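Note that the chains are named A, B, C and D in the order they appear, and that numbering of residues resets to 1 at the start of each chain.
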Amino acid sequence: MNTLHIIGGAVSILGALFLLLASIGLIRMPDVYNRMQAGTKATTFGTIMFLAGIGIASPGWIPKLIVLVVFIVLTNPISSHILARAAHFAGVPLADRSVTDKLAEHRQKAGDK
Amino acid sequence: MSFFLVLTVVLCAVMLGSAGMALYHKNLAATVIAAGLVSLVASIIYLILAAPDVAMTEAAIGSGLSTVMFFYVLKRVRGGENG
Amino acid sequence: MEYVALATGLILVILGLYGIVAQRNIFRIIIGFSIFDTGLHVVLVSIAYLKNRTAPILDEAVSKGEAASKIVDPVPQALVLTAIVIGVAITALMLTFALKMYEKRKTLDIEKFEDLKW
Amino acid sequence: MVKKLVAIAILAGIAFMLYGLFASYTQKETLPKTSRYYAIKGPDELGSANLVTSVVVTYRGLDTLGEVTILFTVASIIGFFLRSRTKREARAENPRETSEILHTGVAFLVPIIFVFGAYVFIGGHLSPGGGFQGGAIIASGTLLLFLAQPKTSGGHTLITFVESVSGIAYVGIGIAGIFLANGFLDNRILPVGEFGTIFSAGAIPIIYSLIGLKVGAELSAILYKLKDAKEDA
């Protein structure tokens, strides 16, 4: 239990806190799109922070952790983008409080139904 | 040691719950997702039980590919699910 | 720990069997089969586990000489490895048959397929 | 109603038997005889650090061959039952266009996924992983391609080619084991090498790579056929 372990553990716990916030957001948010946003942004950042904590605690794993971070940064936004788009095309309505819907405007302009 | 015991108990409870959901939920898409969840949690249990090879296979095949296969077929049999 | 996993595996086997015999929708029967499969794998892996031992991979922590006293049983793990792949192949086969049956009758209710009933 | 009661009664019987198994199960203290032989002799005989790999590829290699054969049979039966749509029909369908982000992301990700799958099955004798896992990862990459480009129906020729070539090479290496080493699928046709390095364990990396390509191709073929299945009205 040296200093690096303690710093790494603290960073990891901070990352886990972000994951907790993401899960609270999943429950609290009003519609699919807001939930998706909470579930993507916070989990991407939280996971990266968690892995950074592990990297601080045991520096031998850093190359593998970098590969993991690259994968997460690439896949997480794309998958949530596709999910949100599919929900929009399937006709899931926005919450009452939302003010703008760019994709609907774009689709109207393109003459798509 | 007791940490892993608690973790196993929690994961087993999740597994049984999602297995029950996979059998009884009305929506067929939800049952497919629940069956995938059973596989995913099972792969974590394999990791705890010192079987990393099996865990990798189960995570890739059981919760990835077979779920997609179910969905490909489910897309084709819409409308027949209640009859 | 391994006893908990073993019990869960056996309960999953029973749940899957119940799904197979009690459901009427063919799709749900296939899902029951896949749960049955997962339960069997959990049972096999937890039987392979021995207390306070590590995975059957030799590295710096486990040297060649002391392997027999430090690793868990590799044979059931190898069995499960092949069983998972076979399981997904069988699931794909059953899904194909379900698809063909649906195209024939436009239904997935197992009670409607009475050709072999007497 | 009666049927359901009978089913529950049968299940109760099975549950009782399984409970008997559970109650009488006691954990072993040491490995069984066969596993102890594998654990003691395996690393020196075959040079593979991952004992699961040495069991799957060499000691029980014939089972793995049978398993790959089962996969091949399943893929053939599915191809027999589900007719694929032709190219013209695929073009006539008009699925929703996939977005720019997805195209770019997939073009970037799929090669990385394939390389990762290859890494998993080439390093199967040193670390967790191997042909089945790597094959499943490669099939996931193919699936990503299918999902991103729903209109294309090409690639089937390549999948069939990889499938047959790797299958033939697998059996060929197995037969080479009869002549150059002690038996069918013996891995010592190449030098066993230094324990724990990438070029060790004789033919195990080659055999596992072939298994990986084979499994990946079979699973991709199954997914492809399920995706492109055409309804005969």
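Assume a residue touches a chain if its C-beta (ideal position, glycine included) is under 8 Å from a C-beta of that chain, and two chains touch if they have at least 3 such contacts.
Bear in mind that the values here come from a model prediction, so they are computed numbers and not experimental data.
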Comparison of B-D and B-C (more C-beta pairs in contact): B-C
Rounded Å distance, chain B centre to chain C centre (Cα mean): 11
Centre-of-Cα separation between chain B and chain A, whole angstrom: 23
CA centroid of chain B to CA centroid of chain D, Å: 19
Distance from the mean Cα position of chain D to that of chain C, given in whole angstrom: 16
Residue numbers of chain B (touch at least two other chains): 52-53, 57, 61, 65, 69, 72-73, 76
Touching two or more other chains - residues of chain C: 2, 7, 18, 49, 55-57, 77, 81, 84-85, 88, 92, 95-96, 99
Shared interface positions of chain D, touching two or more other chains: 50, 52, 128, 130, 132, 136, 219, 222, 226, 229, 231
Graph class of chain-chain contacts, one of line, ring, star, complete, other: other
Pairwise chain contacts, counting only pairs that touch as defined: A-D, B-C, B-D, C-D
Chain D - residues contacting chain A, complex: 96, 99, 101-102, 105, 108-109, 112
Chain D residues touching chain C - in the complex, by the definition given at the top: 4, 7-8, 10-11, 14-15, 18-19, 21-22, 25, 27-32, 34-36, 38-40, 43-44, 49-52, 55-56, 60, 63-64, 67, 70-71, 74-75, 77-78, 81-82, 127-128, 130, 132, 136, 195-196, 215, 218-219, 222, 226, 229, 231-232
For the chain B and chain C complex, residues of the former touching the latter: 4-5, 8-9, 12, 15-16, 19-20, 22-23, 28, 31-32, 35, 38-39, 42, 45-46, 48-54, 57-58, 61-62, 65-66, 69-70, 72-74, 76-77, 79-81, 83
Chain B-facing residues of chain D, complex: 50, 52-53, 120, 128-130, 132-133, 136-137, 139-140, 143, 219, 222-223, 226-227, 229, 231
For the chain A and chain D complex, residues of the former touching the latter: 71, 74-75, 78, 81-82, 85, 89
